[in-house]
Amino acid sequence: MPFIRTFRVRWVDTDVAGVMHFTNYLRYFEACEEEFYRSIGLAFNTVRTKYGITFPRIEAHCIYRAPCRFDDCFDVEMRMREVSEKTITWDFRAIRQVDGNVAAEGYIKCISVNAEWKAVPLPLEVVEMVRQKGR
Amino acid sequence: MPFIRTFRVRWVDTDVAGVMHFTNYLRYFEACEEEFYRSIGLAFNTVRTKYGITFPRIEAHCIYRAPCRFDDCFDVEMRMREVSEKTITWDFRAIRQVDGNVAAEGYIKCISVNAEWKAVPLPLEVVEMVRQKGR
Amino acid sequence: MPFIRTFRVRWVDTDVAGVMHFTNYLRYFEACEEEFYRSIGLAFNTVRTKYGITFPRIEAHCIYRAPCRFDDCFDVEMRMREVSEKTITWDFRAIRQVDGNVAAEGYIKCISVNAEWKAVPLPLEVVEMVRQKGR
Amino acid sequence: MPFIRTFRVRWVDTDVAGVMHFTNYLRYFEACEEEFYRSIGLAFNTVRTKYGITFPRIEAHCIYRAPCRFDDCFDVEMRMREVSEKTITWDFRAIRQVDGNVAAEGYIKCISVNAEWKAVPLPLEVVEMVRQKGR
(Lines give C-alpha, C1' and ligand atoms only; values in the text may rest on other atoms or scores of the structure.)
Protein backbone atom coordinates (compact mmCIF):
# COMPACT_ATOMS: atom_id res chain seq x y z
CA MET A 1 0.00 0.00 0.00
CA PRO A 2 1.35 3.39 -0.88
CA PHE A 3 1.92 6.11 1.68
CA ILE A 4 -0.47 8.96 0.81
CA ARG A 5 -0.64 12.62 1.71
CA THR A 6 -2.95 15.23 0.26
CA PHE A 7 -1.89 18.72 -0.80
CA ARG A 8 -3.56 21.71 -2.38
CA VAL A 9 -2.12 23.92 -5.11
CA ARG A 10 -1.24 27.30 -3.63
CA TRP A 11 -1.39 30.59 -5.53
CA VAL A 12 2.40 30.82 -5.30
CA ASP A 13 2.73 27.35 -6.87
CA THR A 14 1.09 28.48 -10.11
CA ASP A 15 2.63 30.26 -13.08
CA VAL A 16 1.40 32.58 -15.82
CA ALA A 17 0.06 29.56 -17.75
CA GLY A 18 -2.39 29.07 -14.87
CA VAL A 19 -1.00 25.69 -13.80
CA MET A 20 1.32 24.44 -11.09
CA HIS A 21 4.97 24.93 -12.08
CA PHE A 22 6.53 21.59 -13.04
CA THR A 23 9.22 21.76 -10.36
CA ASN A 24 6.61 22.02 -7.60
CA TYR A 25 5.44 18.44 -8.09
CA LEU A 26 8.93 17.34 -7.07
CA ARG A 27 8.72 19.64 -4.05
CA TYR A 28 5.44 18.05 -2.98
CA PHE A 29 6.93 14.58 -3.58
CA GLU A 30 9.67 15.56 -1.15
CA ALA A 31 7.12 16.93 1.33
CA CYS A 32 5.35 13.57 1.19
CA GLU A 33 8.67 11.81 1.84
CA GLU A 34 9.23 14.07 4.87
CA GLU A 35 5.82 13.04 6.20
CA PHE A 36 6.59 9.37 5.60
CA TYR A 37 9.77 9.47 7.67
CA ARG A 38 7.95 11.34 10.40
CA SER A 39 5.17 8.74 10.36
CA ILE A 40 7.68 5.96 11.07
CA GLY A 41 9.37 7.94 13.84
CA LEU A 42 12.45 8.76 11.79
CA ALA A 43 12.05 12.42 10.87
CA PHE A 44 14.91 13.75 8.73
CA ASN A 45 16.01 15.74 11.75
CA THR A 46 16.16 12.63 13.91
CA VAL A 47 18.23 10.87 11.25
CA ARG A 48 20.53 13.88 11.02
CA THR A 49 20.95 14.10 14.79
CA LYS A 50 21.09 10.39 15.58
CA TYR A 51 23.20 9.15 12.67
CA GLY A 52 24.81 12.31 11.30
CA ILE A 53 23.55 11.60 7.82
CA THR A 54 21.35 13.33 5.27
CA PHE A 55 19.74 12.07 2.07
CA PRO A 56 20.64 14.26 -0.91
CA ARG A 57 18.90 13.40 -4.14
CA ILE A 58 21.07 11.88 -6.87
CA GLU A 59 18.36 11.43 -9.48
CA ALA A 60 14.88 12.72 -10.18
CA HIS A 61 12.47 11.91 -12.97
CA CYS A 62 8.95 13.09 -13.61
CA ILE A 63 6.37 12.66 -16.38
CA TYR A 64 3.61 15.27 -16.48
CA ARG A 65 0.24 13.94 -17.70
CA ALA A 66 -2.41 16.52 -16.72
CA PRO A 67 -2.06 19.93 -15.11
CA CYS A 68 -3.10 20.85 -11.58
CA ARG A 69 -4.44 24.37 -11.22
CA PHE A 70 -4.84 26.78 -8.32
CA ASP A 71 -6.90 25.35 -5.46
CA ASP A 72 -6.86 21.79 -6.88
CA CYS A 73 -6.38 19.04 -4.32
CA PHE A 74 -4.11 16.17 -5.22
CA ASP A 75 -2.95 13.02 -3.46
CA VAL A 76 0.71 12.14 -3.54
CA GLU A 77 1.23 8.37 -3.43
CA MET A 78 4.68 7.15 -2.49
CA ARG A 79 6.05 3.62 -2.77
CA MET A 80 9.52 2.24 -2.09
CA ARG A 81 10.94 0.94 -5.34
CA GLU A 82 14.40 -0.16 -4.28
CA VAL A 83 16.77 -0.02 -1.33
CA SER A 84 20.47 -0.65 -1.87
CA GLU A 85 23.35 -0.38 0.59
CA LYS A 86 23.54 3.40 0.30
CA THR A 87 20.51 4.47 -1.73
CA ILE A 88 16.73 4.51 -1.60
CA THR A 89 14.53 5.01 -4.65
CA TRP A 90 10.94 6.15 -4.22
CA ASP A 91 8.15 6.06 -6.79
CA PHE A 92 5.66 8.90 -6.66
CA ARG A 93 2.33 9.68 -8.27
CA ALA A 94 0.25 12.85 -7.95
CA ILE A 95 -3.45 12.09 -8.43
CA ARG A 96 -5.98 14.87 -9.01
CA GLN A 97 -8.84 14.46 -6.58
CA VAL A 98 -11.41 16.03 -8.92
CA ASP A 99 -11.22 13.27 -11.54
CA GLY A 100 -8.73 10.67 -10.28
CA ASN A 101 -6.39 11.35 -13.19
CA VAL A 102 -2.63 11.12 -12.76
CA ALA A 103 -1.20 14.61 -12.87
CA ALA A 104 2.43 13.55 -12.60
CA GLU A 105 4.45 10.45 -11.81
CA GLY A 106 8.12 9.79 -11.33
CA TYR A 107 10.83 8.68 -8.98
CA ILE A 108 13.47 10.20 -6.76
CA LYS A 109 16.69 8.40 -5.81
CA CYS A 110 18.43 9.45 -2.60
CA ILE A 111 21.84 8.57 -1.22
CA SER A 112 23.04 8.43 2.36
CA VAL A 113 25.90 10.86 3.03
CA ASN A 114 27.76 11.87 6.18
CA ALA A 115 28.66 15.39 7.31
CA GLU A 116 31.60 15.43 4.84
CA TRP A 117 29.16 14.65 2.03
CA LYS A 118 30.68 11.16 1.54
CA ALA A 119 28.36 8.29 0.66
CA VAL A 120 27.93 5.93 3.61
CA PRO A 121 25.79 2.83 4.21
CA LEU A 122 22.23 3.52 5.27
CA PRO A 123 21.63 2.89 8.99
CA LEU A 124 20.11 -0.58 9.43
CA GLU A 125 17.19 0.87 11.35
CA VAL A 126 16.32 3.08 8.39
CA VAL A 127 16.63 0.20 5.91
CA GLU A 128 14.39 -2.02 7.98
CA MET A 129 11.74 0.62 8.57
CA VAL A 130 11.71 1.62 4.91
CA ARG A 131 11.49 -2.03 3.79
CA GLN A 132 8.69 -2.69 6.23
CA LYS A 133 6.58 0.44 5.93
CA GLY A 134 7.57 1.84 2.56
CA ARG A 135 6.04 -0.71 0.25
CA MET B 1 27.84 24.26 -29.79
CA PRO B 2 25.70 24.45 -26.72
CA PHE B 3 23.87 27.58 -25.67
CA ILE B 4 25.40 28.71 -22.35
CA ARG B 5 24.28 31.01 -19.59
CA THR B 6 25.93 31.54 -16.23
CA PHE B 7 24.07 31.72 -12.93
CA ARG B 8 25.01 32.09 -9.29
CA VAL B 9 23.51 30.20 -6.36
CA ARG B 10 21.39 32.60 -4.31
CA TRP B 11 20.87 32.35 -0.56
CA VAL B 12 17.21 31.49 -1.16
CA ASP B 13 18.26 28.62 -3.47
CA THR B 14 20.05 26.79 -0.65
CA ASP B 15 18.62 24.49 2.00
CA VAL B 16 19.57 23.45 5.51
CA ALA B 17 22.10 20.97 4.08
CA GLY B 18 24.00 23.99 2.74
CA VAL B 19 23.53 23.11 -0.91
CA MET B 20 21.24 24.23 -3.72
CA HIS B 21 17.88 22.47 -3.51
CA PHE B 22 17.62 19.80 -6.21
CA THR B 23 14.55 21.37 -7.83
CA ASN B 24 16.39 24.65 -8.43
CA TYR B 25 18.67 23.12 -11.07
CA LEU B 26 15.54 22.49 -13.14
CA ARG B 27 14.48 26.10 -12.55
CA TYR B 28 17.83 27.37 -13.83
CA PHE B 29 17.62 24.99 -16.80
CA GLU B 30 14.30 26.64 -17.62
CA ALA B 31 15.80 30.11 -17.14
CA CYS B 32 18.51 29.15 -19.65
CA GLU B 33 15.81 27.98 -22.08
CA GLU B 34 14.03 31.34 -21.67
CA GLU B 35 17.28 33.10 -22.55
CA PHE B 36 17.78 30.86 -25.57
CA TYR B 37 14.39 31.72 -27.04
CA ARG B 38 15.01 35.38 -26.38
CA SER B 39 18.40 35.14 -28.10
CA ILE B 40 16.76 33.86 -31.30
CA GLY B 41 14.07 36.53 -31.23
CA LEU B 42 11.33 34.16 -30.11
CA ALA B 43 10.76 34.98 -26.45
CA PHE B 44 8.09 32.81 -24.82
CA ASN B 45 5.88 35.88 -24.74
CA THR B 46 6.27 36.42 -28.48
CA VAL B 47 5.37 32.80 -29.10
CA ARG B 48 2.38 33.12 -26.82
CA THR B 49 1.19 36.32 -28.48
CA LYS B 50 2.03 35.46 -32.08
CA TYR B 51 0.99 31.80 -32.17
CA GLY B 52 -1.22 31.42 -29.10
CA ILE B 53 0.83 28.52 -27.82
CA THR B 54 2.85 27.70 -24.73
CA PHE B 55 5.34 24.93 -24.02
CA PRO B 56 4.39 22.99 -20.89
CA ARG B 57 6.88 20.37 -19.79
CA ILE B 58 5.82 16.74 -20.19
CA GLU B 59 8.98 15.13 -18.84
CA ALA B 60 11.98 16.12 -16.75
CA HIS B 61 14.99 14.11 -15.69
CA CYS B 62 18.04 15.11 -13.72
CA ILE B 63 21.09 13.34 -12.29
CA TYR B 64 22.90 15.15 -9.50
CA ARG B 65 26.67 14.60 -9.44
CA ALA B 66 28.17 17.28 -7.19
CA PRO B 67 26.52 19.95 -5.08
CA CYS B 68 26.55 23.68 -5.75
CA ARG B 69 26.66 25.83 -2.65
CA PHE B 70 25.76 29.44 -1.88
CA ASP B 71 27.62 31.95 -4.08
CA ASP B 72 28.91 29.27 -6.47
CA CYS B 73 28.82 30.20 -10.14
CA PHE B 74 27.74 27.56 -12.63
CA ASP B 75 27.27 27.44 -16.38
CA VAL B 76 24.14 25.90 -17.78
CA GLU B 77 24.77 24.30 -21.17
CA MET B 78 21.75 23.56 -23.29
CA ARG B 79 21.60 21.47 -26.46
CA MET B 80 18.65 20.45 -28.62
CA ARG B 81 18.31 16.68 -28.46
CA GLU B 82 15.20 16.11 -30.53
CA VAL B 83 12.40 17.97 -32.25
CA SER B 84 9.23 16.12 -33.24
CA GLU B 85 6.00 17.46 -34.70
CA LYS B 86 4.75 18.70 -31.34
CA THR B 87 7.63 18.31 -28.90
CA ILE B 88 11.12 19.59 -28.24
CA THR B 89 13.60 17.84 -25.95
CA TRP B 90 16.52 19.77 -24.50
CA ASP B 91 19.64 18.37 -22.86
CA PHE B 92 21.09 20.39 -20.00
CA ARG B 93 24.24 20.33 -17.95
CA ALA B 94 25.19 22.53 -15.00
CA ILE B 95 28.95 22.94 -14.73
CA ARG B 96 30.58 24.34 -11.60
CA GLN B 97 32.95 27.13 -12.55
CA VAL B 98 35.28 26.54 -9.63
CA ASP B 99 36.44 23.10 -10.81
CA GLY B 100 34.67 22.38 -14.09
CA ASN B 101 32.81 19.42 -12.57
CA VAL B 102 29.30 18.57 -13.68
CA ALA B 103 26.92 19.46 -10.87
CA ALA B 104 23.80 18.16 -12.59
CA GLU B 105 22.70 16.95 -16.00
CA GLY B 106 19.40 15.98 -17.49
CA TYR B 107 16.75 16.74 -20.04
CA ILE B 108 13.41 18.46 -20.29
CA LYS B 109 10.77 17.56 -22.87
CA CYS B 110 8.22 20.23 -23.82
CA ILE B 111 5.05 20.02 -25.85
CA SER B 112 3.31 22.68 -27.88
CA VAL B 113 -0.24 23.39 -26.64
CA ASN B 114 -2.87 25.94 -27.58
CA ALA B 115 -4.99 28.06 -25.25
CA GLU B 116 -7.28 25.06 -24.60
CA TRP B 117 -4.24 23.07 -23.50
CA LYS B 118 -4.53 20.76 -26.55
CA ALA B 119 -1.31 19.53 -28.20
CA VAL B 120 -0.76 21.25 -31.53
CA PRO B 121 2.07 21.15 -34.09
CA LEU B 122 5.00 23.44 -33.35
CA PRO B 123 5.04 26.56 -35.54
CA LEU B 124 7.42 25.97 -38.46
CA GLU B 125 9.35 29.12 -37.59
CA VAL B 126 10.06 27.73 -34.12
CA VAL B 127 11.10 24.33 -35.47
CA GLU B 128 13.48 25.88 -37.97
CA MET B 129 15.05 28.28 -35.48
CA VAL B 130 15.46 25.55 -32.88
CA ARG B 131 16.98 23.15 -35.46
CA GLN B 132 19.35 25.85 -36.66
CA LYS B 133 20.42 27.51 -33.43
CA GLY B 134 19.70 24.89 -30.81
CA ARG B 135 22.34 22.34 -31.65
CA MET C 1 -11.19 35.11 17.22
CA PRO C 2 -8.42 34.72 14.69
CA PHE C 3 -8.61 32.26 11.83
CA ILE C 4 -5.85 29.69 12.39
CA ARG C 5 -4.12 27.16 10.19
CA THR C 6 -1.09 25.05 11.07
CA PHE C 7 1.87 24.49 8.78
CA ARG C 8 5.17 22.68 9.00
CA VAL C 9 8.53 23.95 7.76
CA ARG C 10 9.55 21.92 4.71
CA TRP C 11 13.14 21.12 3.76
CA VAL C 12 12.76 23.34 0.70
CA ASP C 13 11.64 26.24 2.93
CA THR C 14 14.97 26.34 4.75
CA ASP C 15 18.21 28.01 3.76
CA VAL C 16 21.88 27.48 4.47
CA ALA C 17 21.49 29.24 7.84
CA GLY C 18 19.25 26.34 8.85
CA VAL C 19 16.11 28.45 9.24
CA MET C 20 13.02 29.16 7.15
CA HIS C 21 13.74 31.82 4.52
CA PHE C 22 12.14 35.12 5.53
CA THR C 23 9.97 35.32 2.41
CA ASN C 24 8.32 31.99 3.17
CA TYR C 25 6.46 33.39 6.18
CA LEU C 26 4.65 35.69 3.77
CA ARG C 27 3.90 32.70 1.54
CA TYR C 28 2.37 30.82 4.46
CA PHE C 29 0.40 33.93 5.45
CA GLU C 30 -1.05 33.89 1.95
CA ALA C 31 -1.75 30.15 2.19
CA CYS C 32 -3.69 30.85 5.39
CA GLU C 33 -5.63 33.59 3.60
CA GLU C 34 -6.49 31.13 0.81
CA GLU C 35 -7.83 28.72 3.43
CA PHE C 36 -9.85 31.48 5.06
CA TYR C 37 -11.64 32.37 1.84
CA ARG C 38 -12.29 28.71 1.15
CA SER C 39 -13.69 28.31 4.67
CA ILE C 40 -16.29 31.01 4.02
CA GLY C 41 -17.23 29.59 0.63
CA LEU C 42 -15.44 32.29 -1.34
CA ALA C 43 -12.33 30.58 -2.69
CA PHE C 44 -10.11 32.92 -4.73
CA ASN C 45 -11.17 30.95 -7.80
CA THR C 46 -14.85 31.54 -7.05
CA VAL C 47 -14.19 35.23 -6.63
CA ARG C 48 -12.27 35.29 -9.90
CA THR C 49 -14.98 33.42 -11.77
CA LYS C 50 -18.02 35.02 -10.16
CA TYR C 51 -16.84 38.64 -9.94
CA GLY C 52 -13.93 38.75 -12.36
CA ILE C 53 -11.66 40.19 -9.71
CA THR C 54 -8.42 39.22 -8.03
CA PHE C 55 -6.69 40.57 -4.92
CA PRO C 56 -3.12 41.62 -5.66
CA ARG C 57 -1.09 42.70 -2.67
CA ILE C 58 -0.22 46.39 -2.43
CA GLU C 59 1.70 46.27 0.83
CA ALA C 60 3.38 43.70 3.00
CA HIS C 61 5.18 44.05 6.30
CA CYS C 62 6.76 41.49 8.55
CA ILE C 63 8.81 41.52 11.75
CA TYR C 64 10.85 38.41 12.45
CA ARG C 65 11.20 37.56 16.15
CA ALA C 66 12.42 33.96 16.37
CA PRO C 67 13.42 31.51 13.65
CA CYS C 68 11.47 28.44 12.60
CA ARG C 69 13.62 25.51 11.56
CA PHE C 70 13.07 22.41 9.46
CA ASP C 71 10.20 20.25 10.71
CA ASP C 72 8.93 22.92 13.14
CA CYS C 73 5.16 23.28 13.30
CA PHE C 74 3.73 26.77 13.50
CA ASP C 75 0.23 28.24 13.66
CA VAL C 76 -0.64 31.14 11.42
CA GLU C 77 -3.22 33.41 13.04
CA MET C 78 -5.05 35.79 10.77
CA ARG C 79 -7.29 38.69 11.76
CA MET C 80 -9.04 41.31 9.65
CA ARG C 81 -7.58 44.70 10.52
CA GLU C 82 -9.43 46.94 8.11
CA VAL C 83 -11.78 46.85 5.15
CA SER C 84 -12.14 49.88 2.92
CA GLU C 85 -14.07 50.29 -0.32
CA LYS C 86 -11.40 48.57 -2.40
CA THR C 87 -8.88 47.14 0.06
CA ILE C 88 -8.60 44.58 2.82
CA THR C 89 -5.78 44.53 5.35
CA TRP C 90 -5.00 41.35 7.27
CA ASP C 91 -2.88 40.96 10.37
CA PHE C 92 -0.88 37.78 10.67
CA ARG C 93 1.16 36.05 13.32
CA ALA C 94 3.17 32.85 13.06
CA ILE C 95 3.40 31.09 16.42
CA ARG C 96 5.90 28.29 17.03
CA GLN C 97 4.09 25.30 18.50
CA VAL C 98 7.10 24.07 20.45
CA ASP C 99 7.24 27.08 22.80
CA GLY C 100 4.36 29.39 21.86
CA ASN C 101 6.77 32.13 20.84
CA VAL C 102 5.93 34.49 18.00
CA ALA C 103 8.17 33.64 15.05
CA ALA C 104 6.92 36.42 12.81
CA GLU C 105 4.12 38.96 12.67
CA GLY C 106 2.96 41.44 10.10
CA TYR C 107 0.24 42.51 7.77
CA ILE C 108 -0.71 42.25 4.14
CA LYS C 109 -2.89 44.78 2.34
CA CYS C 110 -4.78 43.64 -0.75
CA ILE C 111 -6.70 45.57 -3.36
CA SER C 112 -9.59 44.49 -5.53
CA VAL C 113 -8.79 44.72 -9.26
CA ASN C 114 -10.65 43.68 -12.38
CA ALA C 115 -9.27 41.82 -15.40
CA GLU C 116 -7.68 45.06 -16.69
CA TRP C 117 -5.85 45.40 -13.36
CA LYS C 118 -7.92 48.48 -12.45
CA ALA C 119 -8.92 48.97 -8.81
CA VAL C 120 -12.64 48.33 -8.31
CA PRO C 121 -14.91 48.22 -5.26
CA LEU C 122 -14.92 44.95 -3.36
CA PRO C 123 -18.06 42.89 -3.98
CA LEU C 124 -20.51 43.48 -1.13
CA GLU C 125 -20.74 39.76 -0.46
CA VAL C 126 -16.99 39.64 0.11
CA VAL C 127 -17.05 42.69 2.38
CA GLU C 128 -19.85 41.29 4.49
CA MET C 129 -18.32 37.85 4.83
CA VAL C 130 -14.90 39.28 5.68
CA ARG C 131 -16.43 41.67 8.25
CA GLN C 132 -18.43 38.84 9.80
CA LYS C 133 -15.95 35.99 9.80
CA GLY C 134 -12.61 37.70 9.54
CA ARG C 135 -12.40 39.30 12.94
CA MET D 1 24.40 56.77 -5.58
CA PRO D 2 22.40 53.57 -5.24
CA PHE D 3 23.86 50.18 -5.96
CA ILE D 4 21.98 48.78 -8.96
CA ARG D 5 21.52 45.34 -10.42
CA THR D 6 19.18 44.31 -13.22
CA PHE D 7 17.00 41.20 -13.17
CA ARG D 8 14.42 39.66 -15.45
CA VAL D 9 11.14 38.07 -14.40
CA ARG D 10 11.37 34.31 -14.89
CA TRP D 11 8.44 32.08 -15.79
CA VAL D 12 8.68 30.47 -12.35
CA ASP D 13 8.43 33.92 -10.70
CA THR D 14 4.96 34.51 -12.11
CA ASP D 15 1.60 33.34 -10.80
CA VAL D 16 -1.80 32.62 -12.29
CA ALA D 17 -2.60 36.35 -12.30
CA GLY D 18 0.20 36.73 -14.85
CA VAL D 19 2.41 38.87 -12.63
CA MET D 20 5.46 38.31 -10.46
CA HIS D 21 4.47 36.92 -7.06
CA PHE D 22 4.78 39.61 -4.40
CA THR D 23 7.32 37.66 -2.34
CA ASN D 24 9.73 37.46 -5.27
CA TYR D 25 10.49 41.19 -5.13
CA LEU D 26 11.93 40.60 -1.67
CA ARG D 27 13.95 37.69 -3.06
CA TYR D 28 15.40 39.91 -5.77
CA PHE D 29 16.11 42.63 -3.20
CA GLU D 30 18.12 40.04 -1.31
CA ALA D 31 19.88 38.93 -4.50
CA CYS D 32 20.89 42.57 -5.05
CA GLU D 33 22.20 42.74 -1.49
CA GLU D 34 24.26 39.59 -2.13
CA GLU D 35 25.77 41.27 -5.19
CA PHE D 36 26.51 44.40 -3.21
CA TYR D 37 28.51 42.55 -0.57
CA ARG D 38 30.35 40.65 -3.28
CA SER D 39 31.15 43.94 -5.03
CA ILE D 40 32.87 45.28 -1.91
CA GLY D 41 34.81 42.07 -1.34
CA LEU D 42 32.67 40.92 1.57
CA ALA D 43 30.54 38.11 0.16
CA PHE D 44 28.14 36.64 2.72
CA ASN D 45 30.30 33.52 2.67
CA THR D 46 33.42 35.52 3.50
CA VAL D 47 31.60 37.18 6.37
CA ARG D 48 30.39 33.82 7.60
CA THR D 49 33.85 32.28 7.38
CA LYS D 50 35.90 35.24 8.57
CA TYR D 51 33.67 36.54 11.37
CA GLY D 52 31.35 33.62 12.08
CA ILE D 53 28.29 35.79 11.64
CA THR D 54 25.25 35.86 9.40
CA PHE D 55 22.65 38.56 8.76
CA PRO D 56 19.13 37.26 9.35
CA ARG D 57 16.35 39.66 8.47
CA ILE D 58 14.39 41.10 11.39
CA GLU D 59 12.02 43.27 9.39
CA ALA D 60 10.82 43.58 5.82
CA HIS D 61 8.41 46.02 4.24
CA CYS D 62 7.30 46.43 0.67
CA ILE D 63 4.78 48.58 -1.19
CA TYR D 64 3.69 47.30 -4.59
CA ARG D 65 2.93 50.02 -7.14
CA ALA D 66 2.86 48.38 -10.59
CA PRO D 67 3.17 44.74 -11.59
CA CYS D 68 6.12 43.17 -13.37
CA ARG D 69 5.20 40.42 -15.81
CA PHE D 70 7.06 37.52 -17.38
CA ASP D 71 10.18 38.60 -19.30
CA ASP D 72 10.09 42.16 -17.91
CA CYS D 73 13.46 43.60 -16.96
CA PHE D 74 13.70 45.62 -13.79
CA ASP D 75 16.48 47.42 -11.95
CA VAL D 76 16.83 46.94 -8.24
CA GLU D 77 18.26 50.05 -6.56
CA MET D 78 19.66 49.62 -3.08
CA ARG D 79 20.68 52.33 -0.64
CA MET D 80 21.91 52.10 2.94
CA ARG D 81 19.35 53.78 5.19
CA GLU D 82 20.83 53.18 8.61
CA VAL D 83 23.61 51.31 10.35
CA SER D 84 23.43 50.73 14.10
CA GLU D 85 25.71 48.71 16.34
CA LYS D 86 24.14 45.40 15.36
CA THR D 87 21.77 46.16 12.49
CA ILE D 88 21.77 47.42 8.92
CA THR D 89 18.67 48.73 7.15
CA TRP D 90 18.56 48.83 3.35
CA ASP D 91 16.14 50.72 1.15
CA PHE D 92 15.17 49.07 -2.11
CA ARG D 93 13.30 50.04 -5.23
CA ALA D 94 12.43 47.90 -8.24
CA ILE D 95 12.13 50.00 -11.39
CA ARG D 96 10.54 48.62 -14.56
CA GLN D 97 12.88 49.22 -17.48
CA VAL D 98 10.07 49.48 -20.02
CA ASP D 99 8.59 52.68 -18.56
CA GLY D 100 10.74 53.69 -15.59
CA ASN D 101 7.85 53.18 -13.19
CA VAL D 102 8.46 51.97 -9.68
CA ALA D 103 7.16 48.41 -9.43
CA ALA D 104 7.90 48.00 -5.74
CA GLU D 105 9.78 49.75 -2.96
CA GLY D 106 10.58 48.91 0.61
CA TYR D 107 13.23 48.15 3.14
CA ILE D 108 14.86 45.20 4.80
CA LYS D 109 16.47 45.35 8.25
CA CYS D 110 19.15 42.80 9.07
CA ILE D 111 20.84 41.93 12.33
CA SER D 112 24.28 40.50 12.96
CA VAL D 113 24.14 37.15 14.78
CA ASN D 114 26.78 34.61 15.73
CA ALA D 115 26.62 30.83 15.28
CA GLU D 116 24.39 30.57 18.39
CA TRP D 117 21.96 33.00 16.77
CA LYS D 118 22.77 35.68 19.38
CA ALA D 119 22.87 39.31 18.25
CA VAL D 120 26.47 40.59 18.16
CA PRO D 121 28.06 43.87 17.06
CA LEU D 122 28.71 44.18 13.35
CA PRO D 123 32.40 43.76 12.43
CA LEU D 124 33.97 47.21 12.06
CA GLU D 125 35.17 46.35 8.58
CA VAL D 126 31.62 45.64 7.50
CA VAL D 127 30.32 48.86 9.08
CA GLU D 128 32.97 50.95 7.39
CA MET D 129 32.52 49.38 3.98
CA VAL D 130 28.75 49.65 4.17
CA ARG D 131 28.97 53.31 5.30
CA GLN D 132 31.40 54.10 2.52
CA LYS D 133 29.96 52.17 -0.41
CA GLY D 134 26.34 51.62 0.55
CA ARG D 135 25.06 55.15 0.27
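Labels A, B, C and D are assigned to the chains in the order they are written; within every chain, residues are numbered from 1.
In this text, a residue touches a chain if its C-beta (ideal position, glycine included) is under 8 Å from a C-beta of that chain, and two chains touch if they have at least 3 such contacts.
Only a predicted model underlies this, so the values are computations on that prediction, with no experimental measurement involved.
Visitor: Given the pairs C-D, A-D or A-C, which one repeats the contacts seen at A-B for over half of the pairs?
Guide: C-D
Visitor: Between B-D and B-C, which chain pair is linked by the larger number of C-beta contacts?
Guide: Spelling it out, more C-beta pairs touch across B-D than across the other pair.
Visitor: Quick one: chain C and chain D, Cα centre-to-centre, how many Å?
Guide: Each chain's C-alpha centroid was found; their separation is 23 Å.
Visitor: So the centre of each chain is just the mean of its C-alpha atoms; given that, what is the distance between chain B and chain C in Å?
Guide: Here the centre of chain C sits 33 Å away from the centre of chain B.
Visitor: Per the centroid of Cα atoms for each chain, what is the distance between chain B and chain D, given in Å?
Guide: 27
Visitor: Out of chain A, which residues touch more than one other chain, so two or more?
Guide: 11-12, 23, 27, 70 - these are the residues of chain A that touch more than one other chain.
Visitor: Using the touch definition from the top, list the residues of chain B that touch chain A in their complex.
Guide: For chain B paired with chain A, touching residues are 17, 19, 22-24, 26-27, 54, 56-65, 67, 117.
Visitor: Using the touch definition from the top, list the residues of chain B that touch chain C in their complex.
Guide: 11-12, 14-16, 18, 21, 23, 69-70
Visitor: Which of the residues in chain C come into contact with chain A in the complex?
Guide: 10-12, 27, 30-31, 34, 38, 43-45, 70-71
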